[in-house]
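These are the structures, in structure tokens.
Presented sequentially are two complexes of chain A, the first with chain B as partner and the second with chain C.
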Partner chain A sequence: MISISNTTATLAWRNLWRHSRRTLLTIAAMVFADTLLVFMLGLQFGQYRMMIDNSLRVFTGQMQVQARGYLDEPHMFRSIPAADKLATSIRNNTRLDAVAVRGYGFALVSSGARTIGAQISGVDPQHEPLVSSIPGLVKQGRYLQGSNSNELVVGSTLARNLKVSPGDELTLLGSGRDGSIAATVAPVVGIFESGNRDLDRQMLSMPLDTFREVFSMGDHAHSIIIGGERSQADSIAAGARAALPADGELVLLSWEKLLPGLKQAIQADFTSAWFMYLVLIVLVAFGVLNTMLMSVLERTHEFGILLALGVRHGRLGRMIITESAVLAAIGLLLGMLAGGMVIWYFRVHGFTYPGMEAMGERFNIPSVLHPEVSLRSLLPGPLAVFIATLLASLYPIWHMRKLRPIEALQTI
Partner chain B sequence: MNSTAVSCRKVNKIFAQGELAVHALTSIDLDIASGGFVCLSGPSGSGKTTLLNMIGGLDRPTDGEITVAGQRIDRMSMSDLAELRLQHIGFVFQAYNLIPVLSARENVEFVMQLQGVPSSERRDRAMAILAEVGLQGMEDRRPGELSGGQQQRVAVARAIVSKPALILADEPTANLDSVTAEKLMQLMRDLNSQIGTTFVISTHDKLMMSYAKRLLKLHDGRIIDDIIQDDRQE
Partner chain C sequence: MKTPFSMLVTVAWRNLWRNHRRSLIMLAAIAIGLWGMIWMTALMRGMVDQMIDDAISTLSGHIQIHAPGYLDDPSVEHTIAAVADNPELDKLLHSPEVTAWSQRIRVPAVIRSERDVYGITLVGIDPQRERGLSFIADSVVSGHYLESVNDQHVLLGRKLVEQLETKLGRRIVILSQDPDNNIAERGFRIGGIYDTDLQATETTYVFAGIETVRRMLKMGSGVSEISLLGHDYRNVDGLAAEVRAVAGTAETSTWLQLDPYMASMLDVMDGFIIVWFCIIFLALSFGLINTLLMAVFERTREIGLIQALGMPPGNILLMVLVESSIMLLIGLLAGNLLSWLTLLPIRDGIDISAVAQGLEWAGMSSILLPAVKTSDVLLANGIVLVLGVLASLFPAWRASRKVPVEAITRIWQ
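Showing the complex of A and B:
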């Protein structure tokens, strides 16, 4: 175990302030890097949270119950029996209203002018607004009313491609769960624009009961969407899991499983960002290395005195690393404080940049970013700088390891 | 007081200067008894400081044997040499060599702290020894705030405070005025006679030499004369 005596600590502290300007400049560099890292990480995590929340809020929900295998191979027959009952159990277990049942099918959709393949979602108009933002994103007409009414809301791009608007009729032709022909004619009552290109281009929704009738689903459905706060995901998942039958035919899937692409995109972005951060950290480490090396080299004679008095090389090493540690700790604390203040300010007031408002409107995302104030945004950057600073002191220690007292004493 | 504090057998030291080999010490044979007060004299380059450095374990001989406090030091590891210096040897350098960021008291306490002396005892002993060398009231001053003579007295206080068996002093009076130098010499001689500390001092100072019980004259790295000035000790 490395023990740092009072003398070592005193010497380290006083040595640091021999050249106070140099020390302050080094600390300033660390604080600047720490602040930048905290701000960037806070902003990044805030952005990721916003991306995830927006993605989940549109259609996916926080988690879903599905039949085993449906996610990988979404066949109509891989369905949840007695889905409404199960949804009610989940609502009771999780004490959450935001639980909605959905069925999915595929059909050729014809407007007379054009025929296009589309995904049909059968939704429960009462609970769907609690798990999806689509009901609130109807740009023309209205959303679905009543679980058994025969009506459709259509994605904006699909509507444009089909050349339909509210009041027009669409003909659906697909196959039911039992292999029978699924066909209906229903009026378009609304057109939604979710900001999600795939949904707007490929999806139309109809009431769940109507969907079940058209697609011969009985009381089955394909998915039970569970909303709620992401921060409470664990307790919600526990409640939902408790409601599932024990035979293992149904599975609870988290958003990471449902949207692996989103998770991978975030991970890729995070990795590439860390590469940039690493460059910054290495630059700061070289600054500290320069300070420590200068500080060590200019004190070679003094180290000779210490060696002559009976100080061992190990103790000299501890003294140098203590200096680095003190320097790094000051940088860490001030950096976290400054970074924390910056991200707190933007957390309250929001952060935006030119063009973000237009982008927000276009993709249905907020035009103001709120950085995340959390330990994971406050700590990793300054901690990385702290560790890099300690590592930077290893070279001067290595440089000193074979220093002979007589050579050191002869150094001016 | 009859045991041997320092023993050198056929000690040679050769420095390489480019392609030239400089014989700094040649075949030194020397025994210094415990309680001795020995001065090394000779012109610059005669090998006085080199011999002191060898005895203090600050440098290694090219060949030969050196024994200090009963231990062969010419083959000791750097770590063991550090321990030997800490426990048995005090140094007084020509250039004082105090630690600039520590006060006079802290400089004196430093070696004791390395030795593990408790804090209160350290402080008391440091204050007492600084008073003894005439630096009462200056304990909290840093070296930069002290005159050369005062700094040298702090250096002496640091060397003697833990009562080492051997004190090696390299031109300790070189930067001092005659009054301060004489006080310092008297202090060292008192320590020698009262505690029995062995002193080996390199000097050009005639007055310093007159204080020595034994005078070794060096020239071109060899001992050319060995004069006993006080037959009570050597």
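Showing the complex of A and C:
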């Protein structure tokens, strides 16, 4: 049995090179499609990862603990009681330092020259830098120091609209958690520029304890932000969930829930990309189909001789499928190799295209992309082409299954 | 000896159908390739058109006029003269080049209900003029649209109403700043609720009559912006230059300047379509060259024979080119037909709301209307035909170069 399949393999291999140009052209088509697919997938994955990482890094974190319903309707009274204690136990459970407590409020902010409504976030200056890049993006002055100092850090656009710079004072007027009036006067110590239009235009941060005092929050807060590596999200989530009280009043929200738009934008992009890939793969499969059909048809006479000598149809079929399998495998290997080299090159040197800058600004990604070099970008495209190629060789086999020796011998 | 062209066509046509399976597979590949080009382009164009439409109708218009400094600092201080006070501009706005225009007061403000407070943009509009210019008039889902420049009601977005926990007919308070830096405060009754594809629009804009807002803010006769529509969103620079000439010191900007992201989307899209066409064509060309090469090789003897009989090599080259042209033309015909048939059932748009939230993030709406542009279809057909004939030059050249004696005596290849 083994010797037979060895013969089949040898025959198949030799048959392939009887028309070396045709075979090479067919392989070239596969390698072209493979390289393109690997490059596109690598670029996509690289881009998605950057979109997610950069979006989460600014302010959102990997996941957050919030009171049930706060995400949909962010009312001040939907808060987390004893938030600091909860944050500590989350830190212990996950062995992660990057856990920060925040409170959010809204106030009319006046600078003397201007009055603008702004979002106020009360942050813990010690842990905030571990979950958000904003503390590192202070362009003028410094970030907040001390959890109960009376000072403010303002988004760059907001600062410009309020016409304030570090050292100036701002008056805040809003309402506290219990509905009382929340008012304070505090100096601006820093101005941050996150690159995120909304945050820069409407956010202002103050130390958490000061925030609690002004907005009558007691020991409450609105969100506990958890950072860490996305690759370890599952174990972090398990640790954090274990720290939550059992009554279900608090929920742990993943970034997919916090930024559903981001998740779906990625899905939408991926879906439309697969349509393109499918068209490409089908075209390559047609090319292979034609090659295999030709190579079978032109051998009708030869197959007739083989059949007359007693070779069975099954064995001929095996030979043909071996031929296309070898063809496809060469395409797969060379394709992955070529694709791998291309994405490796761009990983090192970066890839950009015209218009990328404006897109980058909108989606929070740098204007130079680095494709992801990984199995999930290397394998799916070439594998799909491989399978499509094998499927394409089924038609020629089906076509010759009823070949009769005499008739076949009569064709020239 | 000169072979008539019609004979070449006949021979090429018959050659094509000597191996009908091979030709049919190639035809199918060409048709599917073209279909992929046209379909994909129609969907992507549709998507971008929609994004631009939404962007333009979300208060942008094709061209806007502002006071210098307003874009950087959109406050009540930066105003320009109303159209009525600028006769030259007034004349231009009423010329046939401008299809719609309006003026607005647009200032940052704070809205307060019994339950909550949010930062918004208060827009004082001329309700009649906004019709056909922006989305507002067509988006009111409950209550009614504003009636006049003096209307005492406000229009709120559906999501903002939800967030404020208020409803139609209730009162809300709007606070903003007057030109003297004093807080201007006024109660309004919610007269209507509007609904748009983009949630961000619903939570940002609150509309009221322009004269009502002017009184509330104790403003003079100025306005924050003048917005107008021309005939073609791609071609606004000419009109912008005319507007700029009569707008005086005010800043005139086109939507392309105001929204560089959308503008770059247009360029990226044009570039992408060319790249996509070329990729598809390359994938096709391998098969095309291969098929033609096969067709030429298996006819080596025959080609040698007709050469020996006196057919000049140029004619053989032409014959193969005619063969591939016929194949390409039939394939293109089938591809165009296939595209038309598959685009027909979705010409009224496909609902893609399953992924709509993500699209919203990118500034799109949930109904995708495919946009078939004649230029794209022509380009796709042109690329396949021209590059296809070019690609078949190689097999054709191979065929014409055979030496008759060798070709006839050779049995294999």
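Things to note:
Basically, the second predicted complex is superposed on the first by the 336 of 412 C-alpha atoms of A that agree within 3 Å, B and C clash if a C-alpha of one lies under 4 Å from a C-alpha of the other, contacts with A are read in each partner's own complex, and residues count from 1 in each chain.
Quick note on the criterion: a contact is a pair of C-beta atoms (placed from the backbone, for glycine too) under 8 Å apart; a residue touches a chain by one contact, two chains touch by 3 or more.
Note that the structure is predicted; figures quoted are calculated from it, not measured.
In the superposition on chain A, A:409 makes contact with chain B only, while chain C stays out of contact range.
Within the superposed three-chain model, A:95 lies out of touch with both chain B and chain C [touch as defined at top].
Touch criterion met: A:7 reaches chain B, while chain C stays clear of it. When both complexes are overlaid on chain A, the residue A:262 reaches chain C alone and has no touch with chain B. When the shared chain is aligned, chain B comes close enough to touch A:309, but chain C does not. Chain A has more of its residues touched by C than by the other of chain B and chain C.
Using the contact criterion defined above for the overlaid structures, shared-chain residue A:15 touches chain B, although it does not reach chain C.
Shared contact residues of chain A with chain B and chain C: none.
Of all residues in chain C, only 19, 21-22, 25-26, 28-29, 32-33, 35-36, 40, 43-44, 72-75, 108-110, 115-120, 162-163, 165, 175, 177, 181, 183, 260-261, 263-265, 267-268, 271, 276, 279-280, 282-284, 286-287, 289-291, 293-294, 297-298, 352, 355-362 touch chain A in the complex they form.
Looking at the complex, you find that chain A touches chain B at residues 5-7, 10-11, 14-15, 18, 302, 305-314, 404-406, 409. Chain B contributes residues 53, 56, 58-59, 78-79, 82-87, 89, 91, 93, 97-102, 106, 110-111, 113-114, 158 to its touches with chain A in the complex.
Residues 19, 21-22, 25-26, 28-29, 32-33, 36, 73-75, 106, 108, 112-119, 160-161, 174-175, 202, 260-268, 271-272, 275-276, 279-280, 282-284, 286-287, 289-291, 293-294, 297-298, 353-359, 361-363 of chain A are the ones that touch chain C when the two sit in their complex.
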